[in-house]
Structures are given as structure tokens and as C-alpha cells.
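Should a chain be cited, it is by its letter among A, B, C, D, E, F, G, H, I and J, assigned in written order, with residues numbered from 1 in that chain.
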Amino acid sequence: MLFHVTMDVDIPRDLDPAERTAIVAEEKAYSQDLQEQGKWKHLWRVVGQYSNVSVFDVGSTDELHDLLWGLPLFPYMTVRVTPLCPHPSAIR
Amino acid sequence: MLFHVTMDVDIPRDLDPAERTAIVAEEKAYSQDLQEQGKWKHLWRVVGQYSNVSVFDVGSTDELHDLLWGLPLFPYMTVRVTPLCPHPSAIR
Amino acid sequence: MLFHVTMDVDIPRDLDPAERTAIVAEEKAYSQDLQEQGKWKHLWRVVGQYSNVSVFDVGSTDELHDLLWGLPLFPYMTVRVTPLCPHPSAIR
Amino acid sequence: MLFHVTMDVDIPRDLDPAERTAIVAEEKAYSQDLQEQGKWKHLWRVVGQYSNVSVFDVGSTDELHDLLWGLPLFPYMTVRVTPLCPHPSAIR
Amino acid sequence: MLFHVTMDVDIPRDLDPAERTAIVAEEKAYSQDLQEQGKWKHLWRVVGQYSNVSVFDVGSTDELHDLLWGLPLFPYMTVRVTPLCPHPSAIR
Amino acid sequence: MLFHVTMDVDIPRDLDPAERTAIVAEEKAYSQDLQEQGKWKHLWRVVGQYSNVSVFDVGSTDELHDLLWGLPLFPYMTVRVTPLCPHPSAIR
Amino acid sequence: MLFHVTMDVDIPRDLDPAERTAIVAEEKAYSQDLQEQGKWKHLWRVVGQYSNVSVFDVGSTDELHDLLWGLPLFPYMTVRVTPLCPHPSAIR
Amino acid sequence: MLFHVTMDVDIPRDLDPAERTAIVAEEKAYSQDLQEQGKWKHLWRVVGQYSNVSVFDVGSTDELHDLLWGLPLFPYMTVRVTPLCPHPSAIR
Amino acid sequence: MLFHVTMDVDIPRDLDPAERTAIVAEEKAYSQDLQEQGKWKHLWRVVGQYSNVSVFDVGSTDELHDLLWGLPLFPYMTVRVTPLCPHPSAIR
Amino acid sequence: MLFHVTMDVDIPRDLDPAERTAIVAEEKAYSQDLQEQGKWKHLWRVVGQYSNVSVFDVGSTDELHDLLWGLPLFPYMTVRVTPLCPHPSAIR
């Protein structure tokens, strides 16, 4: 089941630099693990913004919430979720 | 080069039904042709709306404009375009 | 799986009165059938508006889209969908 | 009498962690007590957000205000209230 | 129980003038009857707009919805309802 | 001359608690004095918000500005002013 | 007493051209009469828009409403009113 | 003196096709004449929209208003004007 | 050449009180000097807000930018500029 | 390939003044270097705002993102990107 997710990141300026480096690295590992599992199906950067556009493929809304809530950068993100479904004109 | 495109469709109620049927069929053929060429890379329906979320893969902004302007339903659509680029955490 | 859905209805003034009566009756039957199946779990009127707030319980986003797209009043509605999940403080 | 309430939570980053833990626990107890009394009739989490959608069943607008104003997390919440009433198509 | 209600009126230009005159007169009678019953407690015109700001005093949200839904101009209005309660600094 | 005024209050978290208590008490006294003079004609709390809806009855826009500017909580308020006038259907 | 007023004009395309010409001429005469009386104190065109920015000097909100409601183009205008008062740094 | 201007075009569906063709041709000629005079300095299409972004170089705000008001498509446009000035880091 | 300018002032709470007093006094002197030169043609306070509505009369957009950028309170202001021109119905 | 970019700058008040001076100088050098390369094709200041309107001419969306992400003031900017293409009426 597919969900369109946008994430705008705003890390506070006064976050300790070491903590910032660590949390960004954790975010990357977390994201790549979910991508390898096929749950974080697409991940693109929005040009000129510290934001991404993503598509998740999950079994339920609960699972999606758990994945998003667990994002290391979640406390510094604005997240918007839109449910998707197959388009009748899509060839795949 | 990737672009995120959303299209909200609002076909006027007083459009001749035969014309409506024809234009929707043309739209489908037009879309599937571009999908087969690999230019309309992703196409999803937004749940509960006569809208889609798409990703286009084109050689230039001019090409993208020509593809969108040529959509049979373009006169009845609200289109929004957001440029994308690879995300540093993406594995593909 | 739960989804929060709001529907704002705006039936065109020039719709034939008999057609209007028929479509509103069809909407009622359609809605009550889904309520009896347990898929349209909650349905409330918003005070002072031709709008409702609903909660759907469905197996997938595809199923939800089909149910909403099939609403007799769908062509005259603005629909917004928000995915829900259990709240950790909920007792039920 | 039913009211639709949404609550967006934004706990300040610099709140003392012990205070944060305590206030979140108080919020949970406060919420569960009202749920058991039947006043906080529904409580759902919005997927991907530190927000909930709720339905309250209270005797008056004054009572509702007192319940909301007393929420331990109220100082850190954005609250929106929409009055509801029975829908003519609802079967319950 | 008090509710703050705003009503923006937009009567279609092509409404038959006799029907327009009749409906505006019915609206006035309807409003004055509710004012005399004490249910439509305050009614002010917004300067420079075909809009009013009102305060209703009703026994329930259901009663309020019935009163608003029954307004002769309801099909041509945008209505917004905000629940009120006594202010701790109010002297009356 | 009547003016509709809304006030949203947002007292900074780091205000000294004694100062906060004092300023809230001053606000109450200031408000009640104006109510007794008949200038602050109506004052209601918005349910679920640290906001009020008020109606002022003043001799001029200058007088209204002076009254609002002098509110002890003014530095922590967002204020919106809408001029009102008698409604042709009002019975009082 | 001064009020800042903006007026956006949107005359329907299907208005009879003679009626349009007449109503625009009436609007001009109406406006110039109020300007000569000193009540419509300032009148400017917004560059690139069928809109004006105005300042009215009237004795009361009721008088202002009557003046605006009486504008020949009022049915085709969106009007916004903001009360003004002397600025402490103004030299006049 | 430079002004940033955006124009969104929305030609009514029921405009006579010959009139539509004529007015679009007049718009093109009008625009190209101003470009040749150096007054309409830049003109770009927004990708995926019947809109343009332009920069005008004119002697006064009055002149700019006259140029925009005279656009053959002006009745079907939404125009927004933003004044520009040289940027201290610009090399030209 | 006339420009409509609105300025919303938001001086940070933690600004040193002496600095605040000084900067407000400088702002007043700066404003009055420009008013005396005829460049800051109108200056009004918006009722109930720490905001003003102004009209500037300047020779160019560059001059206007320099005047605004030089405002002592500029770092604490939100400024919006709208170009004006003579209205065809204005008598002056 | 052209992109319209707006940048709103908001440097935090508590940034060390020397750091502020340095970063603004770096921004200028960075910008001028890109202008000389022909990639930052136009750069204008918005009157009355710490904002610019720019047009970039780049080979791809990736290149544009890298240029914007590398702006010394990027952490303090709000950036919006709109893809452009040639306008059929443009003479150049």
C-alpha cells in the first residue's frame, strides 16, 4: 500500500554539532535500511530545499506511523502524508 | 532529470458527454505512450480525489512544458511542478 | 485500517430537481450500506455546513478510493483523506 | 453533544526531560480518565504527526472548555474545535 | 450555550428578482422570530460586506444546526461556527 | 460605535511566574473597568483556546486603539479588529 | 475618523455592455461626489489590477457602511475595511 | 525602473473561438512591440502553467499600469506586480 | 510616484530597554524627516496593531528601497510594498 | 535551462557580528563568481525586503540544487524554485 510523504527538515541552530552529525548519520542508516527492505520505495531531494519527497510501501497505516515516528530527525521534521492508489492509466 | 508533478482534474459538468469520453480516452493513450517512452516515470492516483501525483524524467524544462501543455485534459487541470534531484541517502 | 475523511457537498443550483432528489437518495442508500458493512464506521454532520466528518475502516487505500469514487455525490464533493492509527493513550 | 477536536502537540525542546516525562504521563492519565467517563469518546493518532483527532461527548461548551483547558499538555498544544451533530444518513 | 456564527451571503446574480425579494423577506422574518425567542441573541452587520456576525444561544449543537440549516438564505451562505463559553474576566 | 475584536493570547513560557500572575491580574482589572464603563460590551472565551471574542462600544477609532494598546497583555496578543454596524433585520 | 478600504472589482463578462457603461459612469459620479464632500479622502489605483486603495473620513461605522453599500459597483466588488487612527510619529 | 510581473491567464471556455484566436494574436503583437521598445525586458513561460514571469523596465508606475491595463488578455488575467531594484551583489 | 507600504513591527522582547528606547526615538526622527521632505506622504496607525499603513512619494524604486532599508526599526519589521497610480475617478 | 528562484534571508539576531560580516561577504563572492560563469543569470533585490528574485541558467536540476545548497547564507534562507521555459511570444 503506497503513501506519498514529504519531510521538511529544520535542525535547530543550537544543536550540539557532534549531536547533529550523529543524528544525520543515524537518519541516513535508518533510511537506507528501510529502502533495502523495500518499505521506503522512493526518496528524492526537493531542489533548493532541505526537504524530501518520498513514497512508502507498507502493510498498514500503523506500520507507516511507526516508521515515521522512529525517524532520528522526526523531532525536527514537518511531515505530510497522502494516501495513494494505482492510477487506471498507469502501465505498471 | 526528474520533476514532481501534481495534476488536479476538474472537467466542466456541461462538457458534451461524448467529448468527455473521447478526451479521457485520449488522455489515457497520451499518458501511456509517455510512460512507455520512460518520460512519465511514475503515475499514482491520490485517494479520494480526481488528482494524480506523477514523476517525469525529461531532458529539459522545455520538454517537460511541451509534454504537459499537450495533455488532452490540460485545459481542465491545475498543474504544479517541483524540480527533484537525487537524495544523498537514496540507495538507487 | 482507519482513515479520517471530510466531505464538503456543493450541488449545483441548476441540477434538475428530480435528479437532485434521486442522487441524494442514492447517496443515503450507498452510505447506509457501507455503514452496515462496518466500512463507514462513523458519520457526523458539521454544524452549520453541508459537510460531514467520517471515519472509514477499510483493508487498503485502494478499497478506500473505490468507495469514495463511487459516492453518488462524489462529482459535487470536495474530499480530504487523513490516515489514522491507534493512539497510545486510547483505552479501546 | 459531540465536538470534533484536533490537537497538535509541540513540546519545547528545552523542557526539562524529567518534567517532560511527567507531563506526558499526566496527559495519558487525564485522557484515560475522561475516556473511561465516556466524555473523550474517540481518540486517534494522525499518521506521521504528533497530533490527534478526537471526538468529545459533553453536556455543554463550558464543560468542553474546562476539559481542554485542563489538559496537562494544553500549554504546548494547538487546539481546534468543530461542533458536530447527527447526520441524517447515519444508521446509529 | 453560546455559539459565534458568521454568515457571508452571496445571492446568485441570475436569481429571479421576485424570488430574491421573497427570500430576503423570509430571511428577515425567520431571523426576527429567532431573535424574539432569544435564540439569535446578537446580530450585527460587518461594515462594507454582505456578511453578519451573530451569537446564538441554544440548548444543543443539534438545535443550532437545525436553525442554521433552515435559514432561507442558507443555500447562498458560507457559515462558520465557533463555540463560546463564559470568560473568567466577564462581569456579566 | 461597535467593533468586533478577537484577541489571541500567547504569554512567553520564560516570563517570570510572579510577573505573569501580576500581568494577568492587571488584565482582569483593566478589562472589568472597561466593561463597567460600557466600553467593553461583550467578552467571551473561545472554547479550547487562550483567545477571546469581544465587542467594543466606543466613540472613535482613536479611542478603541488607545484602549487596546493599553491592555496589560497587549505585547503578548494578536489582535484583529472588524468594524460593525446595525443589521437591518436586528430587532434591538 | 479614518478607515482604510480596498476594493477589488470583478464585473461579470456577461453584463450587458450598455449597463456596464452606465454603472461605471454612476460609480465615477458617486465617488467624485463623496470626494468633494471630503468623505472619500484618498483614492488610488493599484498598478496592474482592477482594484483601488482608499481612505474614508466618516463620522461613524454606520455611515461608512451606508456609503460602501451604496456604491453602484458594490455587487461586483470585494471590499475590505481596516480602521485607522493617528500615528504618534505623524507630523500632520 | 524594474518591476517583476506575473500573469496567470484563464480564457473562458465559452469565448468564441475566432475571438479567442484574434485576442491571442493581438496579445502576441502587443507584447512583441513592448519587447522591441525595451519596456517588456524579460518574458518567460512557467513550466506546466498558462502563466508567465516578466520583468518590465518603465519610467513610472503610471506607465506600467497603462501598459498592463492595455494587454489584450488583461480581462482574463490575474496580475501581480513586485517592485525591484539593483542588488548590491549584482555584477551588471 | 506613489507606493503603498505597510509595516508590521515586532521588537524582540529581549532587546535591551535602553536600546529599544533609542531605536524607537531614531525611528520617529527618521520618519519625521522624510515626512517633512514630502517623501513619506501619509502615515497612519492600524487600530489595535503595532503596524502602520503609509504612502511614499519617491522618484524611483531604488530610492524607495534605500529609504525603507534605512529605517532604524527595519530589522524588526515585516514590510509589504504595492505600487499605486492615479485613479481615473480621483478628483485630485 | 532556466529556473526562477526567490530567496528570503533571515539572519538570526544573535549571530556573532564578525561571523555575520564574514558570511555576507562570502555570499557576495559566491554569487559574483556564479554570475561571472553565467549560471546566476539575473539577480534583483525586492524593494523593502531582505529578499531577491533570481534567474539561474544551469545544465540540470542537480546542478541547481548543488549551487543553492552551497550558498553561504543557505541555512538562513527560504528558497523557492520555479522552472521556466521560453515563451512563444518572446523575441529573444
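A few points about this structure:
In this section, a contact is a pair of C-beta atoms (placed from the backbone, for glycine too) under 8 Å apart; a residue touches a chain by one contact, two chains touch by 3 or more.
Please read these numbers as outputs of a predicted model, since none were measured by experiment.
Least step count on the touch graph, chain C to chain I: 3. The chains that touch chain C as well as chain H are B. The interface formed by H-J recurs in G-I: of the pairs listed in G-I, A-C or B-H, only this one shares over half of its residue-numbered contact pairs with it. Centroid distances from chain F, each centroid being the mean of CA atoms, peak for B. If you average the Cα atoms of chain B and of chain C, the two centres end up 27 Å apart.
Measuring from the averaged C-alpha position of chain G to that of chain J gives a distance of 40 Å.
Within chain F, the positions touching two or more other chains are listed as 2-3, 45, 47-48, 61, 64-65, 81-86. Applying the touch definition to every pair of chains gives A-B, A-C, A-D, A-J, B-C, B-H, B-J, C-D, C-E, D-E, D-F, E-F, E-G, F-G, F-I, G-H, G-I, H-I, H-J, I-J. If you check the complex, the residues on chain G that touch chain E are 3, 5, 12, 61, 64-65, 68-69, 75, 79-81.
Within the complex formed with chain D, the chain C residues making contact are 2, 4, 27-28, 31-32, 35-36, 42-48, 52-53, 55, 82-92. If you check the complex, the residues on chain G that touch chain H are 13, 45, 47-49. Chain contact summary for the complex, chain G toward chain F: residues 1-3, 60-62, 64-65, 81-86.
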